[in-house]
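Across the two complexes that follow, chain A remains constant while its partner is chain B and subsequently chain C.
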Partner chain A sequence: MELIGLANYALFMGIFIGIYALLALGLNIQWGFAGLFNAGIAGFFAVGAYTSAILTSPSADGRLGGFELPFFVGWFGAMVAAALIAWPIGKICLRFRSDYLAIATIGVAEIIRLVIKSEEVLTNGARGITNIPRPFGDLPYVQSQLAYLAIVAAVLVVAYLMVQRQFNAPWGRMMRAIRDNELAARAMGKNVEYRRLEAFIFGAALMGLGGALFAHFNRSITPEAIDPMVATFLVWIMLILGGSGNNKGAILGATVVWIIWSVSEIATDQLPHEYAVKAKYIRLFLIGLMLQLVLRFRPEGILPEPLRGDTRTDDNAVK
Partner chain B sequence: MGFLELINFYVIPGVVLGSIYALGAVGITLVFAILRYAHLAHGDLATLGAFLALAVVTALGLPPLVALPVAMIGTAAVAVGIDKAFYEHLRERPKIVTVMASLGIALMVRSVVQVVWGVDSESYVRGIVRPENYFGLRIKDREIYTVVFMIGLVGVLQLFLVKSKWGKAMRAMSDNPNLALLSGIDNKKVVMLTWIIAGGLCAAAGVFLGINTELKSMMGWHMLLPMFAAAILGGVGRVEGAVLGGLIVGIAEELSVLVLPSEYKAAMAFVILLFMLLVRPTGLLRGKVL
Partner chain C sequence: MLELDQLVMDFSGFRAVNGCSFRVDEGSITALIGPNGAGKTTLFNLIAGALVPTSGTIRFLGEDVTGLSSDALFHKGLVRTFQIPHEFHRLTALENLMMVPPAQIGEGLFANWLSWGKVRASEAEVEQKAYDTLEFLELTHVAHQRAGNLSGGQKKLLELGRTMMTDAKLVLLDEPAAGVNRTLLRKLEEKIQILNKERGYTFILIEHDMEMIEKLCDPVICMAEGAVLIQGDFQTVRSDARVLEAYLGETAGEVA
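What follows is the complex of A and B.
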């Protein structure tokens, strides 16, 4: 019994790691490649989750829906919707330094939260959307979890291979050139704003896909399903700890941080109730502190961004 | 709807809310202009200030206005401490790294508030305050205090920036940091002074929000967007611009209820922010664009 419970928990955790790894990959395109600060990850996540939910769920009274499209259409729709939200924001804010984008994305996430809470026709308000079909959801519990883990892993591998390919491709090199020296890249004739917009939209689409995977896994999505600030922050610490600019680092960071986060939750849930509530906030404090420590002592993360040539050895020689 | 009703129910609350935003926005605009990054923990510092004042109010039974200086000093000290512990060593790195650190600080400050004071709503004084009637205008005493204190605090700050040696040093750092450093201005002191002022004003914003509404652990985070919108609307680096921006954002939020469902009041600040970035990123009073 214990062993089965443990195995089930591991499956559950594996699926969540896969979803967060997708979000971290998306953020890596934005921050790691292009140096764009997105503080509204949860907003794009929610747009993806709700879009896919509306497209694939059976009809219900009082809200838009009943399209009952296959899940892959919903997932594609989630990516498109998140990209469409990202486009105007990027268009307006990417002309300036990334500070402005940070503020604007906080705003976007806030507006999306308001829309989800109050537009009952779209999102069914606080009750949320239920009965979202899950691929292989008719199988017995364990098999169905296993099948979903396989799907998430497959999506993650495809996303990883595509992003990794771009990292070494001319596009990826150009993005890093823009990130590291905007002026020089501009002098080489690169269209900096347009390229940044591309990176921002691609990243947002991956975040939307992550949201869709989450909604289909839970079979439902409500406004309370995720805490926007916590989700956004977790993805950030995953990427920074794992190594921004390194796709393997993003996935490694997602694994490490999610294991720490969910195991510490189990540990604190054993405490008596009045301490358990406080312990949640202490965990948040510690995860914030962890970011400060990583930024200070290992800003390149566990797996640093791979550098070409021997710039690294040169650095050491100078020191 | 009559003219008086428009004033009583929308413009006066807007001015009060706007004064609160203005107090926060002045700090944001100073940090943005002098230290050159967007400080995302500003709202949560305001929450901390409000709860520090609550601690004084409940422990000593003082009125919140008397607790205000204590909260301002306490928050200023915390702000300087945060800078020393977490931001100082990032100064040589790209500024955006500090923005990220400040997002983490926001989370940390908020969780401290949540651990110490819990997540329930609190208020400084119990009971309902009836507004006084001035020639048909219905104004509460605390609304008058809020606006008067805001004008007073910003006035003193403006005098300090224009007249005193250190105020001039701060403005010099904002205008041209390299030239300021070359002419012998002590960067460390300017940074510390900026944080003392920003922290104190943050606490004032939080305390006045608490006096006029209630204290919640998320109150500051929800103020962050309007405060940034106010700072950018007025022009980054312009103290009087931040006040003007704060008042406009506050009044716009209250008036938006006339045309939009009230749930979207908070969206007003965001609309103003995007509109200004699109049309006139320097702000109304020609601030700087980073």
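What follows is the complex of A and C.
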């Protein structure tokens, strides 16, 4: 009995790590590749979650949809919607330098949260959207969890391969060059504004996908899920700890931070009742402390940005 | 090829370039000299599109390019280097060169997913060109180092290397000789002459190394206080009384 509980917990954790790894990969494109300080991850996460929820849930009174479309249509729609939202935001905000961009994106994420909370016709307001179908959700509990973990893992692998392909490709090289020295990249003929917008949209699409996976796993989405603490700052800590500019690092960071975050909940649950209210803040403190230590002693993260290396000798070695 | 007409650049009350006019002929190597603060680098920034002039016009290849962005000018064939090296510090030296060629197929996101074969073929070409350039600059041994870890002189060479990675028409070099050792400097001069003669590059150099200017440049333009003081061949400019006073100093004529 105990063992099954533990297995369940591990499955649950694995699914969340997968979802967060997608968010961290998205942020790595924006920050690690392009140097864009997006502090509004929660906003794109929410757009993705709600888009897929509306597209796939059964039709309900008093709100838009649902359209009962297959889940993969919803997930694709989530990416498209997040990308479409990112486009005007990027168009306006990417003109700001890094710290101002952070402030602007925090603001935008907050606007999205408030719109979701108050536009009942679109999102059913504070009650949120329920009855979102989960693929293989009809299976018995453990099997269903396992099947969902497999889907999340598959999505993550595909996303990782697609992002990793870009890193050393001319596109990624150009993005990293723009990140390192905007003026010189411009002098070398690169259209900095356009390219930044591309990276911003690409990253936002992955964040939207992460949101959709989250909504389908929970079978529901409410405005409370769009907590900037959990959906934005936790992702930042994951990327910085894992190693920004390194896709494997992003995934590793998501794994490490989520395990600590999740296990710390078990620990704080053991606290005497009078401390239980403070438990959330103890966990936040732990995560904050971890970030401080990483920034102080290993600012490049566990896995630093990789060097391109000599691909010619690698080729020779294969021959 | 390049015509500047009454260029003025104000920085909130401070006038760095003050009614500067001159023209550069195709195929020439023009030197831009003058004391510190004469406005040489600001002028480069104006020509290269990094700054927009307060007034005046810039014509490049017969076309008014005033106010055009530097990436647009790059595609018209105008490439520049920076006085203070602007390397891409987390990219390797090789990558610093490989990013330069315009319109690489792999600069499109989707090309890297959908036609990786074509991207790889183009990459192989670009990589070879980058290795050749590094070899010429004697930087092969640091090809896979982060550019930010290179020495000041090596960064300077990398700057020059970037201009060799594309088919430029006009190249602006901001103090290419500063911090570069003498033997390499001679090679550099040679390379500039080769690029000029065989590939038809036109050059404008900001330089303080009189030896290099004498060997390479005609005409020489001396700037002072944001305007052209005198333009002519090296001997004329060097022996001009105003240049001696403003820049070279009384005895420099004999030393050089």
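Heads up, the rule we're going with is that the second predicted complex is superposed on the first by the 306 of 319 C-alpha atoms of A that agree within 3 Å, B and C clash if a C-alpha of one lies under 4 Å from a C-alpha of the other, contacts with A are read in each partner's own complex, and residues count from 1 in each chain.
Everything that follows uses one rule, which is that a residue touches a chain if its C-beta (ideal position, glycine included) is under 8 Å from a C-beta of that chain, and two chains touch if they have at least 3 such contacts.
Small disclaimer: the values here were computed from a predicted structure and weren't measured.
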Once the structures are superposed on A, label A:Leu307 by its partner contacts, choosing first (chain B), second (chain C), both or neither. second
Would you sort A:Leu291 into first (chain B), second (chain C), both or neither based on which partner it touches? first
Quick check: in the complex, which residue numbers of chain C touch chain A? 48, 50, 69-71, 74-75, 79-80, 82, 86-92, 94-96, 98-100, 102, 104-109, 112-113, 116, 119, 122-123, 126-127, 143-144, 146, 162, 166
Could you pull out which chain A residues touch chain B in their complex? 35, 37, 39, 89, 92-93, 95-100, 102-104, 106-108, 110-111, 114, 117-118, 229, 233, 236-237, 240, 278, 281-282, 284-285, 287-289, 291-292, 295-296, 299
Chain A touches which residues of chain B in the complex? 32, 37-38, 40, 86, 89-90, 93-97, 99-101, 103-105, 107-108, 110-112, 114-115, 221, 224-225, 228, 232, 261, 263-264, 266-267, 269-270, 273-274, 277-278, 281, 289-290
What residues of chain A sit close enough to touch chain C in their complex? 162, 165-166, 169-171, 173-174, 176-177, 179-181, 183-192, 198, 202, 245, 305, 307-312
